[in-house]
Every structure is written in C-alpha cells, then in structure tokens.
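In what follows, chain A forms one complex with chain B and a second complex with chain C.
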Partner chain A sequence: MIRSVPAAAGRALALLAATSLIVFWATELLPSDAAESKAAGRATGAQLAALRAELGLDRPAWERYLSWAGGLAHGDAGTSLVTGRPVGEMLAERLPATLTLAGCALAVAVPLALVLAWRVGAAPHGRIAALTAVAAAVPQPVFAAALVALFAGTLPWLPPVSLLAPDTPPLAQPELLVLPALALALPSAAFGAGMLGGAVADTLRRSYVRDAAARGLPPARVALRHVAPLLAAPALRILALLTGGLLASTAVIEVMFGYSGLGELLVSAIGTRDLPVVQAVAMLTAATVLSGLATADVLAARHREEPC
Partner chain B sequence: MLRTRVVIAGLIVVWALGGGLLAPYDPQESVGSPWQPPGGGFVLGTDVAGRDVLSRLLAGGRELTLVALAGAAIAGAVGVAGGLAAGWRDGRTSRWLTATADLLLAVPFLLLALLLAVALPAPAAVIAGTVCGGAPLGLRVARDLVRQVRHAGYVEAARCRGERPAVIMVREILPALAGFAFADLLLRFVLALQLGAAFGILGFGADPSAPDWGRMVRENLPGVALNRWALVAPALALTLLVLAALPVSARRSRPSRRTPVRWRPVGEQVPAGERRSALLQVKGLTVVDANGRGVVDGLGFDLAPGEVLALTGPSGCGKTSAVRGVLDVLEPGLRRVAGTVAWRGSEVRPGRAARRWRRTEVGLLDQDPAGTLNPLMSVGSLVLEGSGRTAGEARALLESLGLDAGRIWDLRPRPLSGGQAQRVALARALLEDPALLVLDEPTSGLDPQTLDLVVRVLKEPGRTALVITHDEDFASRVADRFLRFAEPPASVKRPAPESTPAGAPVLRVRELSLGHGDRPLIQDGELTLAQGEFVAVVGPSGSGKSTLLRALAGLRPPESGRADFQGRPLAWPPTERDAGTLRAIQFVGQDPSDALNPAHRIGTAIARPGRVFGMPVDVPELLERVGLDPALAGSRPGELSGGQRQRAALARALAARPAVLLADEITSALDTGTAAGLLDLLDGLRADGLALLLVTHDTAVAARADRVLRLSDHRLVRTENDVHAR
Partner chain C sequence: MKTLHVGIGLLMLALTACGNDGGKASPTAGDTLRYVAVGAPATASHDPHGGIGNQSDLTRFALVYDVLTKPGPEGATEFRLATAFEPDGKLTTWTVRLRDDAKFTDGRPVRAADVLFSLRRIHEKAAENFGRLQMFDFAASSVVDDHTLKLVTPQPYAEVPRALESISFVVPEGTTAFDKPAPGSGPYRMTGGNAENAVLERNEGWWGAKPPTRRIEIRAVVDPQARAQAVISGQADVASAVSPATARQAAQNADLKVVHRPAVNMYPFVMRLDREPFDDPRVREAVKLAADRQELLDKVFLGFGQIGNDLLTPADPSSPKDVPQRSRDLDRARELLKEAGHADGLKLTLATTTSYPGMDTAATLFAEQLGEAGIDVEVKTEAPDTYWTAVFAKSDFYTGFFGGIPFTDVARVSLLGDSPTNETAWKRPEWDKAFGDALATEDEAARRRILGGLQRELRDEGGYVVWGTGDGLDLAAGKVTGLPEGPGFDSAFIEQVRVAAP
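Now for the complex of A and B:
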C-alpha cells in the first residue's frame, strides 16, 4: 500500500497519465472529425484537407497526443476547434458556475451522507438502509424531475430552469441553485451513504468495538474512540469518489436545468466534436478525483495499524 | 414472498419491453396542442410537441431496457470472468487486471461514458460505459471471493481427488459465486439504466423524436406548470424499472434447523436452608434468532456470592447466547424475548440500565481476548479505558499478571505476543475488581500460562463468576456448580476399541523436506504407516504438522525426498497420480466451516467421490456411520453446525473407501462426546484395514494412537507414548 506522500503523488500522476491516454484515444476513435463538423458537409475534399492541416489534424496521432499532453502539463489546453478560442479561457468562464453548484451540492450531500451512513451501518437490513439503497439506484434525472414537479409545479416557489444571467456570479441568484444542487446532492448522498454504511457495519462488527459496548462504555464514547478513527480513511476515499461522480453528473443536471457550467460545455462540445474542450474537461474532472484519492490513501496509511 | 417479487419484477420488465404495442396513438405524431393537461382522450395529456404522453410512456422503455439488459449481461460476465482469472492464481495477470480495474474505478463512469459517446452511437456508449464502470467493481469482488474459496476445504478436496482446474472452477467455484453473480447482474442493470436515462436527458441518440423516458423528462421539464404528468410519468416509469431490479437482491435468510435447548442445572445443589441470597438471578430467559426460532429457551439460574458457575455443553448449543442474553449484549440478529435478570434483588432492564450494570459490576473476558484490544490504542489507555482506577493500580495489576508494565505501557497491541495481549485483556476485565466475572471459552482462546492465571483468579476466595466452556474437565476444576445442556450427546455406533495388529506398510515417507527455500518446516521426515495403524502427529502450532498432511495429500509439493504408497512413488500435483492412488488416500481438513461447498447439498458432496472414481456410494449409510441423520443429505452446509459439517466431510472422505486417511485436527471443533464418538468410529474402520494419520494438539486424542510422532525442531521424532508398550 501507499505509505508516503511522494509515493501517493507519484501514483496519482501515473494514473492521470494513464487517464490522459484513455481520454485521448477514446476521442481518437471518432468516425468524423472536427474539420467535417466545422464544415458541416458543405466543403469539398480539398477544402477539408486544408482545414485539417490548419487545425493540425493531419499529423500522426501519437505526435498530437504528445503535443497535447505536453501542452496540458504547461497549463495550455489548446484551442477550441469550433470557436477558435483558447480552451483554458472557455473553462475559466464556466468553472465558477460549476464550482458553486458542486460546492452547494457537497455542502448538502456530505453531512447527509454521514448521518445516513451511521444509520445504515447500525442497521444494515433496516428501513433506512433499504430507502438509501433505492435512492442510490434511482436515476438522477428522476430526482430532478420530482423536485421540479414538487417545487416548480405543485408549489410554484422556484423556477423549473436555471438560466444564469451573463456576467452575474451564480450566488447572486441563489434561487436558481436550489433545485439543481438538491438534484445533485440527494442521490450522491445516498450513494455515499451506501458505501460508507458498509464500512460502518464492518467496523461495528469488529470484536473490540463489540467488546467496548459489552463492557458498558457509553455509546458516544464507543463511537468516537473506537469506531470513528477507523472510518476516516474510507470516508475520505468515498468523498473523493463522490466528488468525482458529482462533477460528472453536473453534465446531466446542468443540461436539464439549462445552467451554463462546465458540464453543459462538455455536452455541447461532445455534440460538436470539439475534442480539445472534451479532453480538457475530462482531464480536469479526473485530476480532481485522483488527487482526492491520493490524499485519502496517504491519510489511510497514517491510520492503518493492522495488516490488511 | 421472494417469488411474488420476482413475478412483479418480470412483469415490469415485460411492460417496459412490449408496452409500445398497447399505445393508443403513434408516439411520434403530434395529435394535440403542447402540454395539454389530461383529458380529451389523452389519459396523461400531451407533451412539448403535442404528442400523447401515454403512448410515448408505453413505447419509451423498450430501447432503454434492452440496452440496459445487454450492458448488464456483458458487464456481469466480464466482471466474473475477470475475477476468476485474477483470483485463481496470483501473478502478472492478476496484477494487471486489478490495476486496470482500479484505474477504471477512479474515473467517474459517467465521464467515461460521455467520452465514449463522442466516438460511439448512444446505445453502444451506454453498454461500453456500463462495462467500464461496472465490470471493475464486479471483478474486484469476484476476485476476492475466488481468493477466499480457492483454498477452501471443498476446493482442496476436489484437488485431492485429482479433478482438473477447469472442472473445479465450473463445479466448485462458479456455484459458490452464483449468488454474488446474480446480485452483481442486478446492480449492473441499475447502473446501465442510470446511464441510459442520463443519455436520454443529454439527447444522445439516433432519432431525437423517438420516445425515451429520459428524453421525455428533459423535454417536459419547462412545461411542468402546464402538464406535470408529462414529467412525472416517465420519471415514475424509470423508478419502477429500477425498483424491479432492487428488491430481488435483498437479503435472503435461510432457516436454521437448530432446535431450542433446555438448560438444566446439574451438579451439587446447595440445600434450600443454607441458600444465601442470590447475587444474580435469571428467570425464564428466552432468546430467539431472526426467524423467531429459539436459541435459548426459558433458562433460569441463581448465582450466589462467591460462587463459580460453569455453563457447559456442546458447541453451538447456545451457551454464549445465553450469557450474552443475560448481559444484554446479544449478537445482531438475536433477540431476548422473555425473561428477567435481577442483580442483588432488583431487576436489571435491558438497555441503559443493563449497560450501567455491565460497566460497574461486570468484568468480561471474551473468547478471543486479543481481538478485543483496539489496535489504535496503547496498552495503558486500553486497560484504563472507562475505569476510575489510577495508572499505578493498573500497572500493579499488569505486573501481578506477569507483564512488564513499564515496557508495554505505551505500546499498541500489535507488537505484543498472543499471550501478552490476552493478559492485557484479562487485566482490563479485573481492574475494577468486578462483582461478577464472565469468561467465555477460556480454554479454547487462552495460552496455557494465561489459563493458569485465570484459574488462579477463579480460585480467589469470594470470587463470583460465570464460565462458559465446552471443556468438562476444566469446568470441574474451577466451578462450584454446573449448568449443562441436558440432551445426551449425538449417538455414534460404538464398536469396542481394540488394538489391531499392524499389517503391511501402506505409506512410507523417506527424507521428506518441506518449506519455502531457506525457511524449512520439516527436514528429512521419516514416517511409515501400516495397514490398520493409527499414528498421531503432535507438535507446537506452526511447526508444520498440517503442511505434512497437505503434502501427502498432494496439495503442496515437497522440497525434496519421496513418499511411496503401496510401493509406488507418489506424484505431485495430484492430477499426476493415478485414480487408484487418489481414491485410496483421503484428506480431511481442519476447518469445518469451509469443508463443504455451500452451493451443494450434503448428499451431492458425499456422492462426489463415487462419481469421480466410478464407484457406488450409499449416502444414507455413510451419514449414519458418522452419526448423522440420513435426512441431512438434502440439507445445505449452511444449515448444519460445525460439528455436523466436520462429520459430513469425514463421510465424504470415507465414501472413497480409502486405505489411508489423513486427518488434520478433525476433533478440535467438536465437543468431547462427539469427538470420542468420531474416534470410536475411526477405530472401527481401522479394524477393516484403514490406516490413520492424524494431526492433533489434544493429548487425549494422541493417547489413543498406536504411535505418536512429535514434530519439533523441523524433525519428526518418535515419542515414548506407545500404546503397546504400556
């Protein structure tokens, strides 16, 4: 297992490099390319070839990978094939909206997941555990639909779509954030609680935890002294995965609510085959998850006393 | 109950697949104005383009369900196959598969699917996304399961029968994985549905006007104020489809065949006149399991001050549950449904009162005391936790138990030896000088020195204690009174033990060396086993006794040396041995919990050697011979107790009519009566010429052997313990 900060960072970097390969080659498999997309079927073969040369698409794939990856390492994500603007600039424009949304969602999801996980772990076959399992399985759009039907249909309190006014910080219109943030947070919390609940149940089954209860120690002391220290590492790992999943699901939720964030940018870029944008958003999300997991690994190593 | 759920789930899936046939309108045609509320021939109103919501709802699940089913099937198959490949053998394949799975797990699967959607058409991207996102999870779980079972007793038994790896995988490992694989399939189905719904929302798909529940949700979101059914109906349909997959994967509990146990006080009764007032008084204590079956039935006893009461009985009879019921610390799944517990004359109610009582009055030493020490705490904080005593008193107590308090005080439990850890736990139980001491199976968990300390503590004047033990000798040494499970021990036919004259040698081991390169376990082992002879091998734990038997059974090759069976050299691995040799040498392992494949019935397991070696097997007769009810042939191992499973495993070995039986600690999981019965049975078989090589740590068992070999310092040494010489 990973025991030191450099080792964990090294592993995260190696995984990130591997991810960049996947990201690049997945987009390489495209049946059509950005030149065709840009010309929208109106160009002749010669014009297409010229366009490809202009966009640099005529170079061999590995060469393009190396220059792309090298650019990423220097913070240069390339130029959008569709708008011709630097990708970094486009991302920077959308990032605050998505960070605000994801932050609000996490602020709801994390405490909710912790509370639910405790209940699930204490009674793995109980009613709350069953409800959590159902909530984790129900597709995210259903939550969005239910919330909209309730708070925008039956009770006309909130707008059903969240169109951000341009050049306004997202927090200036908090009523636009409520429904998308909840639609992100509720299923994520259920998913996280399901996973962490398993770890809680495992910990509660350990003989020294049961023995502590059998010796008559107060439940709060058992929880803090014997259970919580062992849960820090799994909780962090799950938080990293949860954040990653949440960032990825912003694509769905942002499109549903018409909220112009990174996810919406990703989806429209997939539609127009704007590869540099797709790759940059994917790498940004992957880097977030991997750095979170690396942090969790380091902390787990500090807490681990037993052989695993 | 389960069947109803499966039928409902099936109906929902059929509806999702075939509902389009019932659609009253063409789902793609505009037949009204947008977002018309229900009415006017439109049961659920119209959608964004004035199309009939009901028709689109009926038709919109088909592609989604088909894609999800395909994705789940492929992901499930890839996961299980990968898990088998990664778990069956450690090595490069295993490492690469695991690394790939880890990488895929670290990237959010929705992101992966979106990336794939750039290159692939939507249904293919959903399937590929399900495989990338779901198969790694399945692979990891399947790999861990395979790793657990590949050294299980039933897999080793199959290897000892010379069965090929492919056969073992299909017959032994896959059935053991079947439950997991099915649950895995359902979870992948849910994952694929989530992806499919997300893709519908994002509008990836060939035909933007085709009905699809996900797309319906998105299209009708802005019109929620006009016709909310256009939004709610597809959302409900998606939820129903997900729920169809979920409840089937819920927990299934198997009824156990355990019968309620009646406890009767046996032993010295104090005359009524002299009876002191009871310290602890238990009346009508009844504990039931999750299925409502009795585990402890109406137990009652008194405990006077200064009295040591032993609860004895065979393993699995509910001794521990009874005491845990008194203390109100039952295992999950067990419940106390009746009975009262009184302490110094006033009732102790379950819950907070019982917790306070345990904290102030009771000292508890668990069956595995070392396991009760939190590995993250130091010895000092462990002993003092929740106690009002000072560090000085704790140190003095540790010293009095033979520990170097100064040296270990700041250590965590891990560097302590097993015996030291046990003593730390004992110190913790004794520190408050508890009015009631509770010891759970001290003879099975404690090393001899710690056990002596425990005996010393129990003999202290005025000590009140409850001792749970299956060891009657120990109970009679320490207890003033007994509570014993009154039913007679399981009956086993008892042929008169007789010492058989040793016949011709069947097994001859010459200069056998076992170990890992520079870490030898056994060097130049010499051993001869004659027809009808009983040879016991004893020695400290970890000295290689079990390894010796496993090597002879063919499970691990020796470093050097040879072993001859009836004059012909034994080959390794077992697949190289001829059928006659495989049949004639049978091995019964140590651990009854995994000796039998949980997926196969007892009868199937016992009949298996007959199928492999092509000989008739009389299952009921074999079961009876090992003292089991022939009706158990139809049961699965999960319904049997440890002792019953051990006897069934023995019956399986005997089914091959072996000439040599290699038995590893087969009595350690059994209570004295059952163990004696089993040994009597083996004695009877020896009269028919069976040679028995038995590894044991129990001197009473070794005493029955014709010869005893001691494994010490990597050598097999003859001992003076020779039955014929005495």
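Now for the complex of A and C:
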C-alpha cells in the first residue's frame, strides 16, 4: 500500500512512461505510416523513401521513441509529421474546448453517479439498479443520437451540432455544450454508479452502519458520518476511471458534434499515423487518470492509518 | 423515485452552471460568410504547397494566395496572376507574363521570383501532391524580369496554362516557415482563428474585383452529417460535400438550397490488365456489360449525377462526345465469359472501403449485378486509413476514386507507362507516344481530337468500369448566392460568394 505522496507520484510517473511506450508501440504496429498517409498512394517508391527520410521515419523505432521522450522531458512535444506544426500549439488550441466539455460532463456525471450509486447500493436488485445497468451498457454514440433526435429534432431546443466560433472561449456558447456534455455524462454516470453501488452495498451491510440505523439516527447522518468516509477512496478511484473513460469518449462525441477538441484531433491523427500528436493526446489523458488514481491511493492509505 | 428527481435537479443545476457565462452571438449579418468544409484537424496545415489533404485548407489557400490560373467555365482557363502565356515554336519554352499590380499583404510586390520560388517548392513536394508540376524543368526555368518568367518543359507541352490551374499558390520568395500562414496576395487575408477554424477578412489591396463579403470563416468538419446539420440549424451558411440523402431532404426545405457541381465523385471499378482473369479483354468487356449503371447511380448517388460510359473524364473538354452509351447486356456478357473459358462461372474478390460515402454500397450492388451474369463476387471492405496504400493501385479488382480532375492529370498519375500509380497496368507505348504527340500539338481542336481518341481506346479496352459520376453537393442557406458550380479545383474559389443581409 502506498502511503507517501512521493511514492504515489513516482508510481504514477512510471505508469505514464509505460503508457507512452505502449501507445508508441501500438501505433507502430498499425499498418502504414505518416509518409504513406501524406503520399496518399500516389507516390513512387523513391519519392516515398525521400519523404520518410525527411520525416525521420527511416530511423529505427527505439531511436525515434527516445528522441521523442527526450524532447518531452524538455517540454517539447515535437512537430506534427503531417502538418509540420508544433504539437504543443495544436494541443493548446484544442485543450480548452475538451476541458470545458469534460468539466461540464463531470459536473453532471459525478452528482448523478453518487445519487444513483446510493440507490443501487440500497437496493441492488431494484428497478433503478436494473435501469442503471442497462444505461451503462448503451454506447455513447447511441445516447448522443437519441439526445439529438429528442432535443434538437422533436423538441427543437438545442443545436444538433456544436461548432465553436473562432477565437471565442467554449463557455461563451453554452447552448453548444449541453447535448455533447449530456451524451458523455449519462452513460458515464450509470457506469460509475454501477461500480460504486457495490461498494455502497458492502458498506451498508457493515454492522456499525446497521447499528447506527437501528439506533434511529437519521439516514442522512448515517450516510455522511458512517458511510461516506469509507467510500471516499473507492469513489475517487472510480472518479479517476470515469474521467478517463469520459475523455476517451470525447473522441467519438466530438466527431459527431463537429466539436473542435482533442478527441477529434486524436481520431484523425491516428488515421494519418501522426505519432507525435497521438502520443501527446494520449499522454495528457493518461496523466489525468493516473494522477487521479494516485490521489485515491494516498487517500485510502491515510484513511487506513487512522484508528477506527 | 425521489432520488431520480434529485438526480434530475442536480443535472439541471450543473447544466445551468455550465451555461452561465452568457452568450455572445457570432456576427451573422450580411458581412460574414460561415463556410464549413471537409477537413480533419490532424491534416489541417498552413503549407499551400504540399499534399493539402483538407478541402478547408484548399479553400482558405485559394482566398489567401494568388494563383497563376484557375479553371474557368466550359473547360476554359481563367488567368489570375498570369496575363499571358507565349510558347516558343517547339512548345518547350513558355514566356509567362504576370500582372504588375499584385502585392503581398506585407506590402511587397509579387514578382516573378516569388512565383518561380513557389512553383519550385510545389515541385519539391511532388511526393505529397501527385507530382502536379512534374512536366516542368525548374532548373532550366528562370526569371526574365520582375513580371516575366520563363518556364521550360523537357517535352513539348501545349497545356501549360491548364497544368498550372490545379495548384500554384504564390508566397514570397525565401519563405521557409509554414507552421503559420505566410503572407499572401489573394482576395482575403487571415486575421484570426487557426488552420481548422480560420477567420479571413477582405484584402482591400487585392487587384481583382472587390469581393462582396467582408469576412469569411472557414471551418474543417470531418463528419458530413455534422456539416449538413450546421447549415440546417443556422450555425453555418454553407456546408460543402453533403450526402445525397441530405440533398434530397433539403430539396423540400425552402430556406435551403443545394448547389450541384457535376462529375465530382467517381468510384470506378478497377481491373488490372496484367493479372488473371482481367488480362483477357473478353472478361473486362463482360464485366463492363454486366453493370446496371442506372441502378448504381440511383442507389449510390440517389440519382444526383450522370450514368457513365466507361470514360474516365466525361467533364473534360477533350472527352469524346460521339461514343455510344454502353448499356447492360447480360446475354452478351455470359457469352464473352464462355468464350474466355469461364463457362462454369468465375469467382472474384472486389475490394472497397468507406473513405467516400457510398463506395461500399457501390461495390455490394455491383457484386449483385455481376452475380446475375454468372460472376460470383465476394466484397471485401477494407479500413479507409490503409486502403489507399495497401489496396489502391495494388489489388486486382477494387473500387477506386477520381475527383473530377482533367484528363491530362489522370493520364499523368494513372495511365502512362511510368505513372506512379498505373493502377490498371495500362502499359501501351503507342498510347503513351500519342499522348506525347497530342501535347506537342499547338492547335487546340487537333489536340483534343487526339486526346479524345486515347480516351476512347481506354474506354473500349482498358480496365475501368466507370458506371457513373456523382454531383458534388453543397448545402447552403437560401440567402447565399454566387457559389462556384464548376468541377474540381474551381470549387475552392469562393471570393465572389455573397450573403444577403437579413
């Protein structure tokens, strides 16, 4: 069990490095490369070889990985193989949009997940538990399509796509955020509630919780004083996973809504085998999730140290 | 059910919190055109000389940079920076005169040196742009004076003004940084946004007719449905390349209009002449005769287009007009197959992908049609991100793509013996020689006659089943006028588009 902050941070960093290797390797394994993607099948062998040399793709994979990692250590995310633009700049242009969208989605998903988890934990075989399980199994694009059909079609309240105006912060057009945020939040909340519901059920079965309820303490007080402290660590872990899942889902949702965020960039960068861009987006997402998990670990350890 | 109510309450609260900043309406009055074009963020670039994978980039470059020539109506060439092309007697040295009133947005005049620098740079990036300028010898080409250029071609090349129609964006000589926009001399200048979501404002110093719209926003959107919805919901004024289904729906909406650009989408079926069974001309003819072209056009492009006659560039001015339409003849197809030794049937695999809408439908439908002629076809749908490198120009039988480019370009990339992607293995030295002769013929009518004959030979004996061409379909709000209607590169020139004030 990890107790100290430096140890947790160290483990998160090691995992991050491992993730970068895996992402690099996985992208390497995909057929074709950035040079072929640029040539679009219409170049001669010699032209292709020249293009590879120009992009540095003729070097062995380990050398390219090390030079990328070395650059990143100095705060340089490299240059896009396809557009020649600095990766840092490409990310910076799109980060605010995705952060805003994910933030709004979490603002909906977290409270909803907590409320649902409480219900699921209290009645694991009840109707809400069943509904939550079903909702968690519905893929995000289906949710998105249904939401658009309902709130932009049948009831024309909201725009069906979310094209951000240039040079304008995403929050300046709140109506554009509602549907993509809901499409991300609802399935995530159901998923989180399903996982946390089990922990709630376990906690509720503990003798002192049952005692407290039997003593006639108000349910809210039992929830806050007896149940919540035990749930803090699992809840945080689930939150970290939920955030990761949500960030991954932005890839699909952003493309569907024409929302110019990191997810949309990631999808098209994988398509063109633009490794530096893929790596950078993947690192950002992984860093978010791993730091959340590390925080949860530290919290769990602290809690265990406290005498019960 | 109380918890659910609490949940819904929290949800509304969170959404209100998210949406509490107050909206700032983007300018929608008659002075702004919001144009949504095909484009993916990972390929959005500021380099006007490389691959230009995004239509959104091409459209932006055509507004920000001047070109030497562009496609005009009826296959004519419209001059822009260039004012005259004067060939020598052998058609290998061309004197190009430039207008003297063009200047970059940083105040410098546009000189012949800038033009030659830009052309050379495009040529250096041949691997990315299909060797667009490979007919030139740029080492031998030179600057004559500030507004005159000498262009040299190793072989006689009568179509130099047309060869420069595709891409000749001019940047200042010596520009090396293309991670941000270089100064241009075009009708607009970029004043904000980024490569995927650009803000352009009218360049008041441009030499040409004053564009009616002060500001143009160009945004890259990958998904065709999202592009269409942007116009339908009023978030954009024009969406390029929408689906035929969207176009059909929009026809019932009085607030919308659909612009048809003819012969923009072609998904020919490609047969390799150097492999069995397509090395037998009877098999190729049988496959061509088995196609129900009208059904393919109706189901793939919902009828928005023209049926094909196996001519690869029907919109090109040199395309022969007197060729009888090939129509379906299953009996003759079966007979030909029998003669070719396939009386017991023939098994084929047809590859396709989903890069362009309807490509997969076309292959599936064609497989059914071939089935009726006794050819058993298995359709293989491949991933779009590797199709153009792993299947295209490699497989024996697959679904190809041409996007309304001129015949000379198609010949250069796909038909000559030394073409980088001679996908049908069309290797005929005499055909190549006639092509060279055509380009050495100064008289336009005579040249077009030769080129037309070459297209006819390819239609009769080659490996392309051109069953139809689909219209390029752009969706626009009713208040938008002046959208380009020509095929190919012409669609990028939107500087005369007007948005009526509300």
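Methods note: the second predicted complex is superposed on the first by the 304 of 308 C-alpha atoms of A that agree within 3 Å, B and C clash if a C-alpha of one lies under 4 Å from a C-alpha of the other, contacts with A are read in each partner's own complex, and residues count from 1 in each chain.
One rule holds for everything that comes next: a contact is a pair of C-beta atoms (placed from the backbone, for glycine too) under 8 Å apart; a residue touches a chain by one contact, two chains touch by 3 or more.
Predicted model only: the values in this text are computed from it and were never measured.
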Touched partner set for A:Thr83, first chain B, second chain C, both or neither: second
Contacts of A:Ala145 with chain B and chain C, given as first, second, both or neither: first
Which superposed partner A:Trp118 touches (first chain B, second chain C, both, neither): second
Touched partner set for A:Ala73, first chain B, second chain C, both or neither: neither
Chain B versus chain C as contact partner of A:Thr272, first or second or both or neither: second
Which of chain B and chain C A:Met256 touches, first, second, both or neither: both
Partner chain(s) touched by A:Ala92 [first = chain B, second = chain C, both, neither]: neither
Partner chain in contact with A:Ala17 - chain B first, chain C second, else both or neither: neither
Touched partner set for A:Arg215, first chain B, second chain C, both or neither: first
Where chain A meets both chain C and chain B, residue numbers: 30-31, 152, 160-161, 255-257, 267, 270, 273
Chain A - residues contacting chain B, complex: 15, 18-19, 22-23, 26-31, 125, 130, 133-134, 137-142, 144-146, 148-149, 152-154, 156, 160-161, 205-218, 221, 225-226, 229-230, 241, 244-245, 247-249, 251-252, 255-257, 266-267, 270, 273, 275, 278, 282, 285-286, 289-290, 293, 303, 305-306
Contact set on chain A toward chain C in their complex: 30-32, 36-44, 47-48, 50-51, 79-80, 82-86, 89-90, 93-94, 103-104, 107-108, 111-112, 115-116, 118-119, 128, 152, 159-161, 163-169, 171-175, 177-178, 181-182, 185, 255-258, 260, 264-265, 267-274, 277
Complex interface listing, chain C residues touching chain A: 3-4, 6-7, 10-11, 14-15, 17-24, 26, 36, 40-47, 50-51, 53, 126-128, 130-131, 178-179, 192-199, 217, 219, 221-223, 226-227, 229-230, 232-233, 235-236, 384-386, 388-390, 392-393, 413, 420-421
Partner chain A, residues of chain B touching it in the complex: 103, 106-112, 114-120, 190, 193-194, 197-198, 200-204, 214, 217-218, 221-222, 224-225, 228, 231-232, 234-235, 238-239, 242-243, 245-246, 250-251, 324, 327, 329, 332, 355-360, 362, 364, 366, 368, 371-377, 385-386, 412, 414, 428
